[in-house]
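You will see two complexes here that share chain A, one where it goes with chain B and one where it goes with chain C.
And now, the complex of A and B:
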């Protein structure tokens, strides 16, 4: 098989869709906080909390939906810790974000060993995978059947969520408040809106999205928990946010691009071609794009760059 | 209390709070926190070998802590020490393996090149920020992964030792190794270089004009440029030094501990450096004791795992909590200072009301 036919095969496109949700959901979560002026760079750590708690609750209840809910709740709790430090204590958000990354990695491995006594990874056949969806109308079209059918429902949910968050951010009053909290906090406060409340609501959205992304990784994309299984996706999500200028619709495209590259990387790995350069692509592309487009970024009243 | 005392107090408070939360996690695990922390201390300091191993781990942490201190002191949020460490480590490994030089030239060359390569890598986000205004937090973070993946490629393909089970290079030549200071451990001369570097950085900021300019730009860059200081050039220079110091941390790891470059060589020393730099309030000399503290946690946690039931990952949880608490350092410090000032002024007022002598 030539490398061209490997890259542009329907299987790669199916794999792209399959690997999109974690990056997309974390990216949307990051857009929410970034827009609200409380950017969290701890997406990676939050997703790991989601992976671990999602898998654990699923294991305990043998229900995929409770697993997802558990993952979302646990992740939201940790996100609220971040929120408390940044919103109430006015902590340095970059450093708090770094802390959340370490906390997510440390806590998920610590709890893995404490609760299950294993190191590295945990698998139990009792865990229920998130269901997949197939559209019988597409069965007769081989190309679409391969790409679209038999994908996890989270794939479609995450894409719909991107549209919803775009609506919320740009077409609702709440979205206006969120953006105002980031662009001109004082003006928002003067107009009688409780900035802290707006930000805390944003943090709850943020945590739920990251938790969903994490739970998908451990009970949908795979059905096992592996230490540090988010494997840099939280940072790729940050790259996608920067790349898309924190626009929920554009991040859909950015995530598609990065997931496509990731799928190619893993495909190359399986046929023993060095995949490191493909894995590097999201980061390099983002740095270059930022360098080219930064002067167009969104700035707040004082000229500080938000995006 | 003076400003400095408040800062030290807040750092220690963050550490104690983290130990307390860690203690709760130990309790949930069904163990006794005091026994656990005692075994951690024992593992880090109880024998001469243990002390030597703790100091060996601290060596890398002093370098990354200094790297963070230099960048942040100049107002540049360098989250990229990890990546700068990787490229520096790779440079040291390549020189140490391939350059046919006698030891007295090989080791210095490897160290200088690791500094230079780490420094050049650190300059990329600085130049991007100045020329195009890119946010350094994003670029330094992204460049970490570029460095880790690129060095992984090198050790898995062109530089891979024949027959090695995982991605690693051949050993460096004997002449490139940092001399061992305590027989039977990996405690090596890198530690002395790290301490020397800390002293140099300390006096650089304290006693040189450039150092003073950098401190000033870090505190208020608008004011600094108003005074005619070339803030941009200083950022580039400080990021060269910062990246170079992280690169030296990589060299210390390759030439003093592993004697080769192994894929994924650093277990997050660059991020530890951030914690250490913060706790030290970016003071170069204060970096040393905090680096030893975190080195002790890393080396002692393994003993703790052997003696008790507690996973060694506890130390990374505690460390994450320290960073979290430290993130609020500025606001908490300000709060305490305001509180103290208020109390002071109330005291003065009372004195006045009593008709006492006003002392100030």
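And now, the complex of A and C:
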């Protein structure tokens, strides 16, 4: 009973909200590219670029907002490299994505050592954390006060972004072209739309989202940069995309689940669960959900087929 | 004089490596006429039209629209010039609705910048009325029949203010009824002052509908004819350089021929929970061609898929050479049935694989093609060369990708591969859809000679000329039921048409649910 109350406590829900944005933002970025037919599996690498550049710019300017912008710009530049290979040179998406992952991990580690002369992690008190928001009206309600108040503004921004991207994808011209580019680019091209342009704009959105997610990790969720600090969140985001059927609203739920499990994992360590097992939980849950949902996916899509 | 022409293409050249797709081609089209471009597959018709629509840039040549010299750099430019194109393989987005497809690139938006779906639907309804082409704007494109897809494509072009409409093989996929409707549409559009260019190789249609004809052969213009002053024979001889006789091999009748494919009470429920096949019973005997005639979407696809095992059946039996194959795997069934699917691009071929790989594909693990765990390339190559020769597949080499071949040659790969199998049963759907005259005749002759070797052929065709040419018996399908068994020697096109549209049924078939 006691372990149950530890897991399902308001603190856990607050922690869930706190750990949601990186997965959600990377997931939204992935949805954009997937819908446009240029799925990038390099979300992890892009987020790492965002973490490092966000932290560095913040350190140099002592401004959280410039830090975020710096993270977004740097990540977008790297995303454009992916875009150039995939859209212009028509390289294999998977290989380009893997390259972006390696590049993100390698470049951020290399620059950390070159610029700051440290290994493993870097912390400087000059770095300003992204501000948190509290709603005074909720102070009197202990449950909501614990869960909602004192969360980083990025938590709320990322949730709003999910709604906005849903609106863009399904209710605007641009979104229609993004989806059309993914479904049948020739059909879109013969309708007189420049497919490359649509895809490059998508890539820019996608880079900005990953950059925001990364910057949040290093200057919001934590206020330090650690090598490989994205810790598989870019890949978990890909699971969330599959889980949600690339729907921006559904991915809210999917990332909520993964963030919840991530929060539990930390908590489990405090109740005599071996720590390695506890840390494994998010990844195990990811694999299990994927196994379940992809099975359903086959039935959904090709229901009329035997297999 | 030239300013009379709405389209004036002069000396158009387009080379792909050593292949001269277009070699000094000339095309002059007058305003408000129906102009047919005829030629064998690979004659360069599609290339010429892709140039006119801005999808391909010519290496050399001059294009004038309405007397003004233009460079058509992209489809967008073509659309601005009032040129619309309906491709042979439709360029529609399956997951989108009819209205979304028609408005793609021109979506109406409201004040907030969001797409105005109601306006979109009323716009589509309006142009649909204006041109007399009925569509359901809210339906998803993936659920439409081919005839309707084409209608959506035509409306899409018209909605962009196209005055010159190019149609690539518009009737290749249509039923006779749909063809007539389409021709009516063409005439209506001509009255409204639209110019229509059709690419085709069906000469009877050319004669019926066009005002002028331009003939292409091997990338060169072979002349422009006035339809009323020429004959199908003259066009054919200009196209192919020789007169070809009708292929016809008399059927060799055998007494007591064995039944090969027996289908009894076959029912299939579709993904929409509707009954797609209702107690279909039929038998294909040794040495006969049984044709399923019917309007597209009457259950032919479901029938074929059930026989080959791509689709779950609700009830009934399927016997091949006396053995029930209804529970067997697709692979096992293919040991009895050769199969030529209706869609060669999606089902019949792996378009990215080479010609050679496609010729042995599906049978690669059989017989001598394998040597232990390795492929036996000497045997494979021998077989591939034999097939390329025997089926007159025009390809630079067996290592070309199947994609690079013309439609007719792609079809010959599929037909060749399947006919080369020693199976006693052949299921073949739309064997000459989008295939030129020469290749069609060749394929027809091959089918007749297979029949005379004793193979039982189940032919699915929506082309009534083909049905009458090939069939020994006709089974007409309507709404998932067999509504008539007919002898082609005793019925007319019109009668078959009546059964196909459900205007007439053989009562005894309906009462018993089978023959």
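By our rule, the second predicted complex is superposed on the first by the 270 of 307 C-alpha atoms of A that agree within 3 Å, B and C clash if a C-alpha of one lies under 4 Å from a C-alpha of the other, contacts with A are read in each partner's own complex, and residues count from 1 in each chain.
Note that a contact is a pair of C-beta atoms (placed from the backbone, for glycine too) under 8 Å apart; a residue touches a chain by one contact, two chains touch by 3 or more.
All of these numbers come straight from a predicted model, not from anything done at the bench.
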Fill in: Partner chain(s) touched by A:172 [first = chain B, second = chain C, both, neither]
second
Practice prompt. Would you check which partner chain A:196 touches, where first means chain B only, second means chain C only, and both and neither mean what they say?
Written response: neither
Discussion item. According to the stated criteria, A:105 is in contact with first (chain B), second (chain C), both, or neither; which is it?
Written reply: first
Worksheet item: Once the shared chain is lined up, is A:95 touching chain B (first), chain C (second), both, or neither of them?
Response: first
Discussion item. For A:235, using the defined touch cut-off, is the partner it touches chain B, chain C, both, or neither? Pick first, second, both or neither.
Written reply: first
Worksheet item: Of chain B and chain C, which one contacts the greater number of residues in chain A?
Response: B
Practice prompt. Could you tell me which stretches of chain A are touched by chain B in one complex and by chain C in the other?
Written response: 305
Discussion item. Per the contact definition, I'd like the list of chain B residues that touch chain A in the complex.
Written reply: 25, 28-29, 77, 79, 128, 131-135, 137-139, 141-143, 145-146, 149-150, 152-153, 156-157, 268, 271, 274, 278, 311, 313-314, 316-317, 319-321, 323-324, 326-332
Worksheet item: Okay, in this complex, where on chain A does chain C touch?
Response: 167, 171-173, 176-177, 179-180, 183-184, 186-194, 303-306
Response to the item:
chain B partner, complex, touching residues on chain A are 41, 81, 85-86, 89-96, 98-103, 105-107, 109-110, 113-114, 232, 235, 238-239, 242, 274, 276-277, 279-280, 283-284, 286-287, 290-292, 294-295, 297, 305
Practice prompt. Over in the complex, which chain C residues touch chain A? Could you list them?
Written response: 53, 55, 74-76, 79, 85, 87, 91-96, 100-101, 104-105, 107, 109, 113-115, 156, 270-271, 309-312
